[in-house]
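Have a look at these structures, which come just after this line.
Paired with subunit B in one complex and with subunit C in the other, subunit A is shared by the two complexes that follow.
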Partner chain A sequence: MQSIQDYLGAISSLTPVICLSTAILFTALWNLFFPRLKEITPIAGIFALLFAGTALWQQFAVGSITLFGGLYTVDPLTVLFGVLACGVGAIVILMTMGCESELGRNAGEFYTLLLVAVLAVMVLAGTTDLILLFIALETLSISCVVLAGFSKQDRRSNEAALKYLISTAATTATLLYGLSFLYGLTGSTSYYEIHNKIATFAHAPSLVVIFTMVLLLSAVGFKLSAVPFHMWTPDVYEGAPTPVTAFLSIGSKAGGFVVAIRLLSVVFASSVSDWSFILGLLAIASMIGGNLIALAQTSFKRMLAYSSIAHVGYILIGLISNSLDGLSAVSFYLIVYGLMNLGAFTGAILFCNETGSDRIDDYAGLFKKRPWLATGLAICLINLAGLPLPPAGFFAKAFVFWSGIQASGANPLAWTLIIVALLTSVPAIYYYMRVAIKMIVKEPSDAVKKLEPERKRMVDPQICPDVALAACVAGIVIASVMVNPIMKLAKDSVTPVTSPAVGMLDQNLN
Partner chain B sequence: MEGFPQLTTWAQANVEQAVFYLLAVIAIPLAYGVVCDRNIIRSGFLLIGVFSTIAGLFILLSAQFLALAQIMIYGVGITLVVVIALMLTNPKAEKESMPALSIHKGPAIFVACFLFMCVYLALRSAENWPVKTDVAALSAAENLSRIGQSLLTNYSFHFEFASILLLAALIGAVMLAKAEPAVHDLNELSANEDKLKSSERADDVVKV
Partner chain C sequence: MGVMVDHLAAIMLIVVTTISLLVQVYTHGYMREDTGYSRFYSYLSLFTGSMLGLVVSTNLFESYFFWELVGVCSYFLIGFWWHKNTAAEACMKAFVVNRIGDFGFLVGVLWFLSATYGFWNGHPVLMFSDQAGYDLVGAIKWAASNGSLTAASLTAISVWMLMGPMAKSAQLPLHVWLADAMEGPTPISALIHAATMVAAGVYLIARAYPIWLTPQGTTDSAGLAIVAWVGCITAFAAATIALTQFDIKRVLAWSTVSQLGYMFCGLGVGAYTGGIFHLFNHAFFKAMLFLCSGAVIHGLHHCFSHDRDLKKRLNEVSLMDRLIPPDQDLRNMGGLKEYMPITSFCFLIGCLSISGFPGMSGFFSKDDIISSAFRYAGPGHELLAWGLVITAGLTAFYMFRAYFLTFEGKYRGKEKPHKETLSVMNLPLLALVIPSIASGYLGMNPGMWSQIFGGTPTPLPNVFTQFLHWGPHPEFEAADPTVMLISTAFGLGGIALAYMVYLNNLGLNTWCQNSLKLLYQFSWKKWYFDEAYIWFSQKFALPLFRTAWNLIDMTIVDNMVNLSSFVAVGSGEMLRYSENGRGQWYALVIFGSVSALGLLYFLLRPLG
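Moving on, here comes the complex of A and B:
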C-alpha cells in the first residue's frame, strides 16, 4: 500500500461502497434543499442500492483481491453478502414507502440511516481486519438503534431503541475485550496474520484462545439473537417500526453470519472442535426456545421475531458442519429466508395499514377480501414453515440438515442437532400454518369484515409494499425453480474461506 | 563500571514495576468507586481519575501518543461532556427514586469471582505472549509519524469509514433530540394544509 496504483486499484474495487456513501450523503441532504421533491429520496436510495449491487456482482468473477495489505478482502463471499444486503435494503425501502406516515417528518433521515446500515453489512462482509470489524459492527448497531426508535411518539419504539442501545453497548464491551486478547496474543489485527500466528501455537487451542472465542461468539450471537443472547429481540422487534424489524431480522443477521463465517473458518480454523461444540449448544437452545415461545404468541410480529430465533438455530447447523456444503447451505438459507421473511413482514405492513391490527386472530378470512395479499403472505408463511410449496424453503432446510448429517463424523453433537431440528420443525409448521389456514379457510374476523371491498389507495407510495411483496414471492418462486444455479453460486462464494484456501491465505501475507 | 548498564536495566525494570503497581493501586479503587458510587456526578468525576491512571499505563508502555490521546479524548472530552449532561438533566431529582441495589449480592459476587477465575486461567494458559522489544526504542515523534503513516495507507479505509459511523450517529442524535409536534398534531396540520393550500404557512406553524 505505497504507490498511487494501489490506491487507485483499491478505489475501483470499492466502487459499491463509494456509491452507497454518495447515496447516504444525497439522501441526507436532498430534503434539506428540495423539501418539495422529497419523494425522490427513497427512489434515489433504491437506484443507488441497485447500482451498488450490480457493481458488486461484476466482482464475483474476479476472484479474491485483498486490499490495504490484507485488511479488506473482495472475494465471492463479500460479493454474495453485499448483494444480499443491497437486495434487502431495496425491499425494505419499498416497504417503508408504504408506511411513511409512521415516521413523521423524518422520512429522509430514515432512508439515510437505512443505507448506512446496508453499507455497514457490506463492509462487514469484506472486512478481514479486527479494527474495521469493530467500526462496521458499531455503525450497524448505531444505525439500527436509531432506526428502532424512529417512531418518536410511540413509547414502545422508544423502549425498543433504549433496550437495543443498552444491550448492544454491553456486547460491544465483550467484543472489544475479546479483540484485545486476540491482538495481545498475535500482535496483529489482520485475520490472515492472526490465523497463521494461532496455527503456530504449540498446544493448539489453549485456554486463552477458547476464552477469546467465547467472548467474540457472544458478540456475534447477540447480532444473530441466538438463544442466550436473544433477550432484546422480541421487545425490539415488536416496538420498532415494521420495516426496521424486517431489516433487523435479515439484514443485520446476514452481517452477523458473514462475520461468524470469516472469524470461525479463518481466524479460529485450528479450534474447530471447540467452537462447533459451543455453537451446537447455542443452536439447540435457539431451536427449542424460539419455536416453543413462538407457539404462544398472539401478535404476528412477535411470532415472527421468536421464529427468527429458531431459524438462526437451523442456520447455525450449516455453520457448525464447517464444510463447503455446510457454508453454502448457510448462504442459500439466508437468501431464501431473507425473501420469505421480508415477504411476511410486508404482508404485516399491508394488513396493519388497513386494519391497524397486528393480532393473528384478525388475519382470519383475509382471503375473501384481499385474495392477492392473502395468497402472497400464505406462500411466504408456507415457505417459512419449510413445506415444499414452492419448495425453496424446503430445500433451504434440507440442505442445512444434510450438511449436518454429513458432518456427523467430526462433530459429536451433530445427530442431536438434527433430531432437535426435525422435532422442533413440527411446532414451526403448526404456528406458521395456523396463520395461513386462518387467512384462507376461516370466516372473516371483525377487523377483516370492516375492510372495504376495494382497497382505497390513499397516496401513490401505498402501492410500494405491494411491489415489495410481489418481488419477494417472485424471488421465492425463482429460487425454487433455480435451486441448482443458486446453490452453485453459494458454493462458489464460500470456496475461498473453506479449508483448501489456507494455502491462499499464506500468499496474501506477501 | 562494567556492571553498570545491567544495574540500570535492573533498576529500570524495578522502577517500571513499582510505577505499574502504584498506578494499579490508584486505578482499581477509583474504578470500583465509579461503579458503586450512588451519586452519579461523583462517579463521573472518579471516571476522570481512572482514565488518567490508564494514560499513565500507556506512558509506561512507551505509547506516548495514546497516553495524550487518552487524556485529551477520554479524560477531558468525553467525561466532561458526561458530567455536563448530568448537571443539565439534574439527576438530584432522580436520586430519591433510585431503587436500592436490585441485584442479589450473593449471585453477583459468585459471577464476578467466576469470571475472574476464567480471565485469570485464560491469561495464565497462554505460553507465549509476544513481547515487542524494539518498540521501546521509538521516540515520541517516530511513534506519531508511524501512526500517521498507517492512517493514510493501510488504515485509510478505516479512517474514512469511521466518518460514516460519526455521520450516522450525528444524524441519529439530532433526529431523536429535536423537538417535534406529536403525530396527531401533524395530522391536524396537514388537514389545515389542505384547507389553506399553502405549505409555507404550515411549515412556519410547525417550527413553533
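Moving on, here comes the complex of A and C:
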C-alpha cells in the first residue's frame, strides 16, 4: 500500500462489501431496539442486497483491480459471482418472509446470518490470497451451520447443524493441511505468486503437489457436495429450514465454484491435466450417485438435494474443460440453475406452508387447486430436467456438454464424462417430470384436496414467496430469450482468469 | 420458411380467400343454431390460415408442414359432430388414409433430398424457385449431370411423392375417405373437401412440377404418364360410382373425386395451365354446388326432425352400414324448385358448368384438358382421351340426375318445406354464380368462335395462359372444333338422357337395376373398395401387426424397460442405505475419500 490515496481507492472499490456489513449490523441490532417494527428487517436486507448488487454491477466494466497487495481482486468474475450471491440472498429472504413464524422470535438474527453468508460468498469470489480464502470459507461455513440449526425446537434441524459442523470441521482440517503444504512449497500466500512458483516445477509434479491438490479439492468438493464428499447433503438439506436449504444448494455452491475456478485455473494452471483427472472422477461419481439416489426419493426436498449433487457433476464438466467456453458455460449454468433451483425450493415452501407435507405423492393434482403455483413449479422442474420449455435449462446443459466435447483432445476422461452425463440425464428427466406430471395430470391427493380454494391475493402472508417464485420463473424465461447477452456476460466474466490474462495480473501487482 | 407469391400461388390465393370468405358468411346462416358455432369458426380460421401457408410455401419442407396442418384441420372438421358415430369413424378414416399418403410423400421428399444433398450447399433446401437457380430445377439438373439421379430414380421419387397428392386429392386407390368426409358439416364439404384442400394435391404437383418431368425437363416422362393414368382412371371410376348414389352430398363428393381426376390427368398430359385452370373453375362451381346442397339439407331438415328413433339410429350406426339421412336423400326430394327458386337456379348453373355446357366456365377448362389429352404422345393416349370424353358424358348425366331428382318433378316427402326467403345463406350462392360462368372466359379468346365455324386454326393468346404457364413462354393453342364438338355432344347427350330417365319416366334405371344387377351393385357399392380394404386389413395387416407387436414390444422392449428401471431403482435404494446418518461416519468418509483419491490418482494417472 503506497499511499493513503491508494488505500481510499481500495476502500471505495469495496463499497458493496461495506454496504452489506452495514446491513448486517443494522439487522442484528434493529429488532433489539425496535421490536415492534421488526417487519422492516427483511426489507432492509433486501434493499441492502439490491444496493450492493448494483454497486458491484458498476464495477463490471472497470476491469481487474487488485487491492491490499494482492489480497483481494475486483474483476468481472468477482462481480458476476457477487451479484449472483446478492440475487440468491434476496430471493431467499423473500421466501423466508412467508415462513417467519417458524423462526420464532429470532427472525432478525436469521437475516443477519443470511447476510453474513452472502457477504462471505461475495468475498470468496474476490479473494486471491490463501488467508482471506480461509477466513471467508470459515465465515461461510459457520454462518451456514448456525442457519442449518436455526429451528431450535426441531430435532432434525439440530441434527443437521451438528452433522454439518462435524463434516465442516473435517474438511477444514484437510483444507488447512493442504494450505500449509502449499505455503511450505512456495513460501507465499498470494495466488499469483504461488502460480508462478508452481509453474516452475509443473513438468514433474511431485508427490507433495499432488497430495496438496487432493487436499484442496476435498475442501472444494465438500462445498460443492460432490460425491464422495456429499454425505452431509441430504441430512442437512432435509433438516435445515427450507430457505436455508435453498441457500446452501446454490449460494454456498456458487462460492465453492468461484474458489474452484480461481484455485484451479489460476493457481494450478500449470498442472491442468492432474486436477482435471481428479475432478473428472468426482464429476462421474457425482452424476451417477446424485441421479440414482434422487430416483429413489419420496421426499421432494431430499430429491432436490440429491439432484443438486448431480447438477454439480454436470457443472464440473465445464470446469474440467478449463477453456473460455467451459468456464463461461459454468457461469451460465450457475445463473440458470440458481433461478430454477430457487424456484423449485420456493414452490416446496409454498406447498409445505399450506399442507405441511413434503412428500412427492402429495403434490398430485396441485394444478387443480393452485394452478399458478403448479405451473411455476412445473416450469422450474422442466428446466431442471434440461428439457427445452423454455430452453434456459436446456441451453445450460448443452453449453456445458459442448465445452466438454471441445476439450476432448486434452482430457482423456472427456468422452467418458459426456457419455455418463447424457446417460444420467435420462433418470433426471424421469424424476423431475414425475413430479411435474403428478401435479398437472393426476387426480388431487388427500393433502391437496384439503386445500382451501384459491386465496385472496393482496392480504396474504404468502405474497413474498409468491413474488420469489414469479421472479425465478420470469428469470428463467428471460434467460431463455436472452441466451446470447447472458452468455457474453459469462464470457466476459471469466476472460481474466483464463490463462493469458494471468500474466497481466502479475504486472498489476508489481 | 418464407413466403413466395408467384403466379401459381396468386391463383390459389384468389381461390382460397374468395371461397373461404363466402363460406364464412354462409356458415353464419348454416351453423347459427349449432352449439359448436364458435368452435366451428375457430377451426375454419385455422384451416384458412394453414391453407394460405401451404399456398405461399417456399420449399417442400414448409409445404409438408402446412400440408399436415390442413390435414389435421380436415380431421377436426370431418369429426366436428363427434357424437355421430359415422362422423367419428369418417374422420379417423380420412386421417389414416392421409397418413399412408403422407408417408409416401415424406419418403419421396427425403429420397430426393438425399440425392441432391450436395447441391444445396448452405442454401435453403428444396426451394420451389429461386432467382439464383438454387431450386428444384437446378437441383435435378445438377444431380442428373453427376449421376446421383437417373431418369428411373427420378420416376421412383415422383411415384413416392405422388402418394401424398393422391391421398389428399382422393385419387384411386386412396380415394376412399373423401365420400365419407361428407359426414362433416356442409360448409366444410364446400370449402375443404371440394374447393381448396383437396385441390392441394393438384397444386403440389404443379408446384413441384420438375420432379415429375424427365431429368432434362421435358414432359414426356414416365412420372407424368403415371399421373395422367391415375387421374383418368379416377375420373372414370368416380363418375360411374356417382351414377347410383342417392345421398346428395355423396353425389357431389364423387363428382369432386372425378373432377380432381381431370386435373391430375391435365397435369399428367402436360397441360399444366389446363389442369390449374380446371382447378380454378372447379373450385367456384363445386363450392357453389355444395353450398346449394347445404341449403337444401337445411331447408328440409325440419321436415324429418320429428323421428327420434331414426335420429338415434343415424347417430349410432357405423360407417359401413350407414343410413342415408332423410334430409339428404334424393328419393325424398323433388320439385324443390317451387320452394327454393334461388338455390335451384344456382344449382342449375353449377350443373351446367360442371357438365361442360358451352359458354360455362367448366366447358373451357375441361375442353382444354381433353384436347391436350388427344394431342398427348404418351402411352395409350387415345384411350386416355376417350376415357375423359366418356367421363364427361357420365358427369353430365349424374349431375342432371341429381338436379332433376332434387328440384324438378313432384315433391316426394311428406311434410312440405318452407318457402325460401333471401337469407345470409343465399348471398354466397349468388356471388358464386358469377365466377361459375365468367371465370372460364379468362381462358378464351373471342377469335375462337370464328375459328370453330370455318376459320383457319391459328394459336390464339388468352389471359389465363399468359398469366400462368410452365416454361419461359406460354404455349397458345388453336381451338380444336372436333374435340369441342365431341365433348359437347357427350355432355348434351348425358343431360338429355337424364331428362328422359328422370323426368320422362324412361324405364332405363329400373331396367339397369334388374338386368344389369351386377354392374349396378358394383357402382352402388363403390367398386367394393371399402370391403376390399377391410378384408385386407383384417386378414393380413392386423394379424401381422399383432404378431410384430407381441414379438418386439411385449418381449423385447418391455423387458428392457423393466430391467433398466429395476437396475436404476435398485441401485438407488442400495446407495440410499450407504447413508446411515452417523456424523462420525461422515467425517470418516471424507478422510477416507481424500486418501482414496490420492491413491487412485497414482494408480490411474494419465501421464504415467
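Quick note on the criterion: the second predicted complex is superposed on the first by the 499 of 510 C-alpha atoms of A that agree within 3 Å, B and C clash if a C-alpha of one lies under 4 Å from a C-alpha of the other, contacts with A are read in each partner's own complex, and residues count from 1 in each chain.
The rule is short, and it goes like this: a residue touches a chain if its C-beta (ideal position, glycine included) is under 8 Å from a C-beta of that chain, and two chains touch if they have at least 3 such contacts.
This is a predicted model, so every value here is computed, not measured.
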| item | value |
| --- | --- |
| Subunit B versus subunit C as contact partner of A:Leu162, first or second or both or neither | second |
| Which of subunit B and subunit C A:Leu71 touches, first, second, both or neither | first |
| Which superposed partner A:Pro427 touches (first subunit B, second subunit C, both, neither) | second |
| Touching partner for A:Ala170 - first (subunit B), second (subunit C), both, neither | second |
| First (subunit B), second (subunit C), both or neither touched by A:Phe268 | neither |
| Larger contact residue set on subunit A - subunit B or subunit C | B |
| Partner chain in contact with A:Leu185 - subunit B first, subunit C second, else both or neither | first |
| Subunit B versus subunit C as contact partner of A:Phe211, first or second or both or neither | both |
| First, second, both or neither for A:Tyr363, with subunit B first and subunit C second | neither |
| Contacts of A:Pro228 with subunit B and subunit C, given as first, second, both or neither | second |
| Shared subunit A contacts, counted only where both subunit B and subunit C touch the same residue | 210-211 |
| Residues of subunit A that touch subunit B when the two form their complex | 1-2, 7, 10, 14, 21, 24, 28, 36, 67-69, 71-72, 104-106, 109, 112-113, 116, 119, 123, 129, 131-132, 135-136, 138-139, 142-143, 145-146, 149-150, 152-153, 161, 181, 184-187, 201-203, 206-208, 210-212 |
| Contact footprint of subunit A on subunit C as seen in their complex | 568-569, 571-573, 575-576, 579, 581, 583-587, 589-591, 593-594, 596-598, 600-602, 604-607 |
| Residue ranges of subunit A in contact with subunit C within the complex | 162-163, 166-167, 169-171, 174, 210-211, 214-215, 217-218, 222, 228-229, 231-232, 234-235, 273-274, 277-278, 281-282, 289, 292-296, 412, 427 |
| Parts of subunit B lying in touch with subunit A, wherever the complex brings them together | 118-119, 121-123, 125-130, 132, 153-158, 161-162, 164-165, 167-169, 171-172, 175-176, 180, 182-183, 186, 199, 206 |
